[in-house]
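There are two complexes below, and they share chain A, which is joined by chain B in the first and by chain C in the second.
Take a look at the complex of A and B:
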């Protein structure tokens, strides 16, 4: 009997511990208002006059050096240049998306920015409920027929960013063999990055050898498996690849870090300037295929203020990140060529050939 | 007699299989040396955490304690090893920290399942959840390390074509895992200690009557098992990736269980099974590299799991777990 009691006590202690752990990580979200960390003092009476912009993050921190932070920087620019009053809410649990958006909506915010593909559903629902508020959904593709007048999805042509990365890779490779280590093909932007990368590399050198791999797992693991990314990068390097494009969250980061430990191997990051996000990869990181979220968010906020808000999809800019330490190693003609391609992609004289519809 | 004949046939078949694999490797090396070397090196690399995890399982289960907490032990080891590396910058200290954390997890599992006689599956599940939550909560984005364990070339041996780069140009924990396979095999089947461990796992009452301290044997084994799982975690953060990520073990601890079963609870068997799993993963990647789409790469990835089911179903000889597994020992 004594054993039973002891077991019971231990189990309840464990349960308590688990509850404590779970609780503390969810606490801010559950507490609702507390999670809205006010970064700007509210200016009392002149509410009708002020232009208020709120941002709801995907699960994660505002300073994640990735999507959330880039979007927030766009909002901060709106504060500086448009005199907007700004605030953000960090989402702690995917269940709270709607709740968090509503917090801003009920406080009379004019524009609400939601960051990430995952918030798409909640954003669309809230946009319907609050027709007087403008919603900006970062990375939220608005399917034809479902557009709402007060909701703009900020999307990117990942294939163009990938094209630039591929064109860079094809120009700096010495072995004539380049690789891409990717998240899952279940996520359309990842496929776009890959197709663009391959098209860009072939644009420079039609005979280039490209070895690309998607993570075989599902959505739950494909972006959080750095060891798979690293092992795959090694397998590619061992057979002669000397440029690795890592596009797939932490899985891709694993590939970048692995490439950093090889002499003469370059790597290219994705989404944001990964020079800042993955310092371990600096020895090999020549650039990153970026989605320019900050200017995209700012432009949309500005348009909302000026009353020229676009509905449906708004295509943001993409581009390559600075070369940082490799600035001097990259020959001028390579830089010129990239510039020329960038212009070509913009004015439509160069096409990536990526066509998700067909 | 028929039993004997069966064993002989089985042995012949396995030797034939080994010979076939070796021949295949040589043919493929002759055709594409770089690709074959890369493929096999990747096989060894991907099998390392699996074989360590399986060894952890063997220690526990051979002494009669089910360990489904390998995943959690690995994750905790990976995390603590990573933290130690971040704050001390000393990789040896970091590896020791990972192993120590594993030992602590082993102790927790032993306490719950041996002393408290808790259901061992529940004890393991609790540890898995605990590890996931704790590491998820305490991990901060942006912690970076200065480096990771790098390959050590063994002179002369590393210059042998194919075998050299695959086996003798690896980082320390990979070497250690190969050494451990042999050491654990000898420990388990050639020493008094191993005999006692197995006795405790097969028939604890009999072991007790000849004066073996069942509880003590089980405690030691589960703690050692935890240490090896911790080392497997350290392998991930300190040698393979060089950084931590939430839930980065990604089920490797559970695959290790399959590897252990496939290897019929023997270290050498587990090593072979781990190599097969690693090879399937490497091959899956290679298929994509080569743009082969006639066979979906997911099918190749599935292969080891199918084979595990085949083994469990008894087609390739019997896979028999230790008889007293999962039963807490009650002294009369």
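Take a look at the complex of A and C:
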């Protein structure tokens, strides 16, 4: 008898679920949900044609407090300011890059943003296959001679951002020892951050001691290993370092959070303003070496809409995040020096010495 | 339920044994999807629509079908690898490492050996993958035999070695040096090493199914297969019966690794076209779930892997529908829970435990070194 009761409960649960779905199943199926949203959102717009922007993430989540999220925020700004209809797909398997781009392309999207250099090849291929769609490849360098009119690579000079971080670190260290806890050197932007950081520090103080450590693991763990990041930061601090630059996703975040538990140790974040994304690190976080992805993506989407889309590489801005609570702790001369360096990096009078491929 | 009839000592018929064997996995799949549905509802989406989008994306179009087959193929191999070791009482957690070494070995032969005709080049690349996987599988087998080191520990450790070794090769000596490439990966394989498709069916899938049948046949009909099962059920008794337990353990692990390595090779030669770190993530680990869902039956691995293929291929469509792809992970994890703790299902549905026979033993315990 009890078996029957259980079966009955399960069946009624199933029926309940089916009923719950019944309401919406009257809508057109498969993609029908999408078009239903479309009409809803565009009914207020003045344009007859909807402007649709899709985003494909790299393997990772849309709310990763880093790349994917910054790019998505740029797309969301396009939704607000340009009335675009937007959606995203999180890539779960690196082999699906093309397929995920295609899902948007086949649904008539106008602009497709792909996030991360790993999607570069798939994006270029799809740009060729769908010449009427604009593609924005975040962190995807377009090699000379391979540019496509409907594809723009949003790239950043990470070495310049790293240079500023290094110059800041060298000016606030008391021990004369600074450290960097990094994701893997398999990823070129990480190398650029590191080289820039070291060059920036030596620009201020040629004799400074720098302890830079790459995560020894593969791509699948190098950016998701906060424990290693924390342990490495601790090691560097034990060796006398008092500024920690954490560059490498969650691994770097682990280093920042570890540094926050020490008195008199500063830390510097990466990619986005980590004051906002890693509040646990606030006790030590003086600034972050930022790639301004959100405005870069938004600007490119806007240009696509206005018909002034640039092909080839589009260099986005880099810079240091605000000092937040450390605003008063950082001496004015340090701020002036950073400003001077920032200008020097922009007009080319200061070079980071980083030369990829060299 | 079929097992009600088996009560009084009469040996179960083939059909009854089959029904008994698939009861738990089928219920596990259904229950796991129900759990997934409940979570989808809690997340504010429509589970029926979500699942429909998944199945439509995976099976509704020719392209979807191709993708399902492509996704299922390496999973059949890794599932077979884990299932085969299970039969010898070994828990091979190292299918991932064996698979990626097979993948990179096949890639190397694929790009480095120029001027070979396809009927030489392709088999050679596949063989390289098998060999690499077999060696990587044999190491924990030998460690277990000669030092007593438990294979669960050694295979996990060797996964890390394999990951770092392949990363090093793909970013070092075997790196793609073509202009403009900054990514860690090997050069593309030559056309003569490419594994073709027959219509919507990748040749790799046919090889996978062939290997499943072969593994089943070896286990069921050969002396070697009998020894493997004997060692798996009771190493002490097998030794007493005059079998070489150590040799069987090493051989089973080598074959297990060979199957995983072949999976990696097929993936490289048929899908990815080169070795690139991160492109084979999770294939070996999903093999564990698949082998357990298949109740360690080599033939059962095929439908189990196809189910996973459907989920992996349809997950993206599901996302566009508004259901997070993480649901798939939850469903698969719940499935694993139900099949690895069948007592939950037995209690839920008041099923009788099968009497004697070769039931899946999930852990061989820490002390039971062969």
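Quick note on the criterion: the second predicted complex is superposed on the first by the 288 of 358 C-alpha atoms of A that agree within 3 Å, B and C clash if a C-alpha of one lies under 4 Å from a C-alpha of the other, contacts with A are read in each partner's own complex, and residues count from 1 in each chain.
Assume contacts are C-beta pairs under 8 Å (C-beta built on N, C-alpha and C of every residue); 3 or more make two chains touch, one makes a residue touch a chain.
Bear in mind that the values here come from a model prediction, so they are computed numbers and not experimental data.
When the shared chain is aligned, no partner comes close enough to touch A:122: not chain B, not chain C.
Once the two complexes are laid over each other on the shared chain, residue contacts for A:143 go to chain C alone; chain B is not touched.
When the two complexes are overlaid on their common chain A, residue A:93 makes contact with chain C while staying clear of chain B.
Looking at the shared chain after the overlay, A:227 reaches chain B, while chain C stays out of its contact range.
In the superposed model, A:217 makes contact with both chain B and chain C. When the shared chain is aligned, no partner comes close enough to touch A:133: not chain B, not chain C.
Touch criterion met: A:261 reaches chain B, while chain C stays clear of it.
Once the two complexes are overlaid on the shared chain, A:59 sits against chain C while remaining clear of chain B. Shared contact residues on chain A (touching chain B in one structure, chain C in the other): 3, 6-7, 10, 14, 17-18, 21, 24-25, 216-217, 221. Every residue of chain A that touches chain B in the complex is listed here, in rising order: 3, 6-7, 10-11, 14, 17-18, 21-22, 24-25, 60-61, 63-65, 179, 211-214, 216-217, 221, 224-228, 230-232, 234-236, 238-240, 250, 253-254, 257-258, 261, 279-280. Residues 2-3, 6-7, 10, 13-14, 17-18, 20-21, 24-25, 29-31, 33-34, 59, 87, 89-90, 92-96, 99-100, 103, 107, 117-118, 141, 143, 146, 184, 186, 188, 216-221, 356-357 of chain A are the ones touching chain C in the complex.
By the touch rule above, chain B contacts chain A in their complex via residues 34-35, 37-39, 41-42, 45-46, 49, 112, 116-118, 126, 129-130, 133-134, 136-137, 141-142, 144-145, 148, 150, 165, 236, 240-243, 245-248, 250-252, 281-282, 284-286, 288-290, 297-298, 301.
Those residues of chain C that touch chain A in the complex are listed here as 34, 37-38, 41, 46-49, 52-53, 56, 60, 67, 70-71, 160, 163-164, 166-167, 171, 179-180, 182-184, 271-272, 276-279, 281-282, 312, 315-317, 319-322, 324-325, 328, 348-350.
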